[in-house]
Amino acid sequence: MLEGILNAYPNLLKKANGEIRTITRADSPVKGKVSIVTGGGSGHLPVFMGYVGKGLLDGAAIGNVFASPSMNQILSLTKAVHGGKGVLYLYGNYSGDIMNFDMAAEMAEDEGIKVKTILVADDIASSKKGNEQARRGVAGLFYAYKIAGACADEGVSLKEVYNTTNDALQRIRSLGVAISSCTVPGAGKPSFSLGKDEMEIGMGIHGEAGIKREKRKSADEVTEDMIDLLLEDLPVKQDEEVSVLVNSLGATPLEELFIIYRKIANIFEDKRIKIYKPYVGRYATSLEMAGFSITLFKLSDKFKKYLNQPVWTPFVKEG
Amino acid sequence: MNIILHQEDIKNIIVKLDDVFKKEKDFLNELDSKIGDGDHGLTMYRGTNAIAQYLEEYPDLKISDILIKGGFRVNEITGSTIGILIFSAMKAAGLAIKEKESINIKDIQKMLQDSIQAIEKRGKASKGQKTILDSLIPALESLEENNDETDDISTIKRMIKNAYDGAESTKNLESQIGRAKWFKNRSMGVMDPGAYTGYLILKTIGDYILKNQ
Amino acid sequence: MLEGILNAYPNLLKKANGEIRTITRADSPVKGKVSIVTGGGSGHLPVFMGYVGKGLLDGAAIGNVFASPSMNQILSLTKAVHGGKGVLYLYGNYSGDIMNFDMAAEMAEDEGIKVKTILVADDIASSKKGNEQARRGVAGLFYAYKIAGACADEGVSLKEVYNTTNDALQRIRSLGVAISSCTVPGAGKPSFSLGKDEMEIGMGIHGEAGIKREKRKSADEVTEDMIDLLLEDLPVKQDEEVSVLVNSLGATPLEELFIIYRKIANIFEDKRIKIYKPYVGRYATSLEMAGFSITLFKLSDKFKKYLNQPVWTPFVKEG
Amino acid sequence: MNIILHQEDIKNIIVKLDDVFKKEKDFLNELDSKIGDGDHGLTMYRGTNAIAQYLEEYPDLKISDILIKGGFRVNEITGSTIGILIFSAMKAAGLAIKEKESINIKDIQKMLQDSIQAIEKRGKASKGQKTILDSLIPALESLEENNDETDDISTIKRMIKNAYDGAESTKNLESQIGRAKWFKNRSMGVMDPGAYTGYLILKTIGDYILKNQ
């Protein structure tokens, strides 16, 4: 799989140290900017490798399906991408990833590379308000990469990239709904199973069973419920602007995503909240899982500017 | 009776572990699919298989290096939560017996104790949070009770039993750490796959000792 | 769904004559170039609307799920996009589409608009060699749009765009494999059903049952068989260049597409055929169908040049 | 007995057609899923429903406009293969009786004949290719046999029977046109959904006539 990706994008990506599971942008190391590194289990394309490139990530370390990469992988990636201004580890809040990244960070620091870590924890279903640091990271990763990448491209310090990305994450929230499960290759059975008429709110992007199961509702009803929950967690006032990401978990077709997006646009029009730069598509998946997630990013002028910076990667190209 | 394990024994145990996780893979996946992401058995099997192969490539390592380098290889091959925890534990166990050519029951106790500490530190975890620690810590207690007057064999038997009971006890715990914590009270009733893995490892070691006493 | 798409891309797309099912690029009509128009049933995103924009299509007429748009829709679209140099109808070889487009063409001609029609018929499974005109149009549509769009952008005549696109299609062949079916919304049942271990070679992109069913094979074996069949139909010699499109029919994840692409790259390396500009992703889908297709486009210098022309649409952006 | 239909009758028949296709939708979808894309029933129901609604909006159209404008609306709402064929047929039928206020059995014959020709022309199709024509053409034959000496009622009965037999006969045909042709000999044994639709339309018209004679 990874070899196929490298074969397909020889001008955009390359291996670090000949290791197929540690991928950097083709022009890495990029000097004079903070390097952004991510990683995690495979099975979530375009997360992670699809976002390696100009304006987003410097490198990604990929583990087995739904399993963290190893500390040694992360360490060698860190050394490969380091352009002299330090490295930001930016990844989802999963314990396996944390332990491997932390170990790599300790080793990198020993070798004189400055590392800072930000955990993306945008999934409001996974833990209550007030306990945000216990939340999982899901599609909000995409916005986090955008902000970190754009900020780093300005040549500022690691500390500033760290602070800016952290500020952005305070304004990013996601919620997902699954209607079928995915099967980890080699594991044989689907990770959880749903009745024909059930849906699961707040499942994890690894097929972890979610928070609650309900009878299936219409797309409009589900969307309305989800937006209510999101706005409860992240209040947005009249005339404020948000970017919206409607994300397929894999099997759910674009057709359905646009039906959902249409509903969101209607709801926000009623609330007089302006949508700026929506994204609709498959941005963070779980193999062939059917379902979708909605991510809100409450904008400011600064974040709007960053959202508009050019990016050029295998899966996202923006002028 | 007193126990002495040599390099050859450690290697044999690792081959046995590879067999055990091959057999138990599906059951562990099933547990993990209920309160995790369904891959724990697969990951453990990949790990034990990787280290077994590693020892074929490097047959002459001393015991501490089997553990330290073998553990590194497990993490390299599996990454994952359990992979880094196993690495941390094996590294600690290896350091606990650094230059030794053979290990006795007191060494085993020290190795398990340091492994547990390493897992607690890396995982920021403690007993009762529904993890691998919940089988390892009760097992350690039986070793700690061992003294000049007790029989090593019955200590080992108790270690296995304690590990099993510890794994079983996780059914009544709510996950508070790792992926499983997101299942909240839906994790109740299900045994923690990592705790069962802890039991399987200790049982494999123990069975080997009992059989070859 | 269509409204959601329009909401999401207000800078790229607009309605023709207030009709939500006839979509044009936002700057339409573009003067001084031949206009490229396509259409067909919905359920195949990014086909069709995802390809409306600079460098590709001027407009698309969208029908119900898997049903041709109406003649009146096509006619009003034709009038809306016409920039004075004639209109090329470029769409898949399906009888319902043909009848509606033909009727629209007759009416457009009555109103003084020059129309030419090219049917994309790239699916080798659907009819034997020698009877190519009876084949279905599938993912090869994407390459057809690329060539027609790039050629039209040079400001040449309708006749020349027509001839060039026709030439390109002589060099484009596709073949697909399905492993599950899709359900037409409202129709209730999946269009065909496969046993758990079966796959279907050459199914239609509407869930029409395919040419033959087989026991499932490994991805590598299937890929090898498919490439053999494609090269039998479209011989490519050593040192010639092809572009390859590995396309998901919907549910099949990118991870699997890259496994397939890797195998293709290996096969072509052995055969010393050069792959130029591969495409891997969801380019022509069938709702949530699981499966994939492979398209080969045998290149020449002229077509390589066209493949490199910039495009900017909701779903494809190339510098 | 002789048949005369007025504008009101045509409108009533269209309401009946809407009922019939609502009921037969699933069966037609099922046929189409075997040799097509599974939507034929849905499309027909959308079409009949659209024209029924259209007549509520425009209740005063003359017969030929009900057919011509109604057919246009069917195509506007459904697009599709069957939608353009139905439009072509209805337009031809409307033109066949352009200014008439009422229609008799000879008019029906002419309308059906012109409809068939329009479908043949637009679809580039002929009898025996497993299409809607295979129920319409045999039905026309019974009308052609009608003359001053035969009874309209028995002609209508024969028309329905011939249409049914024609639809049935498509089971033994291999599709040669439309989507279904790609199924090649796998289309054998399955009745063509469009042919059955042809029968349903004629049966609905015929039943109305028989009931209101």
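Each chain gets a letter, A, B, C and D, in the order it is written, and its residues are counted from 1.
In this text, a residue touches a chain if its C-beta (ideal position, glycine included) is under 8 Å from a C-beta of that chain, and two chains touch if they have at least 3 such contacts.
It should be emphasised that the depicted structure is a prediction, and the values quoted were computed from it without experimental measurement.
Shared contact partners of subunit B and subunit C, listed by label: A.
With chains reduced to the mean position of their C-alpha atoms, the one farthest from subunit B is D. Centroid to centroid, with C-alpha atoms defining each point, subunit C and subunit D lie 33 Å apart. One finds 55 Å separating the Cα centroids of subunit A and subunit D. Each chain gets one centre point, the mean of its Cα atoms, and the points for subunit B and subunit D are 75 Å apart.
Taken as a contact graph, with one node per protein chain and an edge wherever two chains touch, the assembly forms an open path, each chain linked only to its neighbours along a line. In this structure, the chains touch in the following pairs: A-B, A-C, C-D.
Residue ranges on subunit C touching subunit D, taken from their complex, read 41, 63-73, 94-96, 99-100, 102-103, 126-127, 134, 136, 184, 186-192, 204, 206-209, 211.
Taken together, the subunit C residues at the contact with subunit A in this complex read 1-5, 7-8, 42-43, 45-46, 50, 250-263, 265, 278, 280, 282, 285, 287-288, 290, 312, 317-319. Across the complex, subunit A is touched by residues 26, 29-30, 33-39, 41-43, 46, 72, 75-85, 87, 122-123, 177-179, 181-184, 186 of subunit B.
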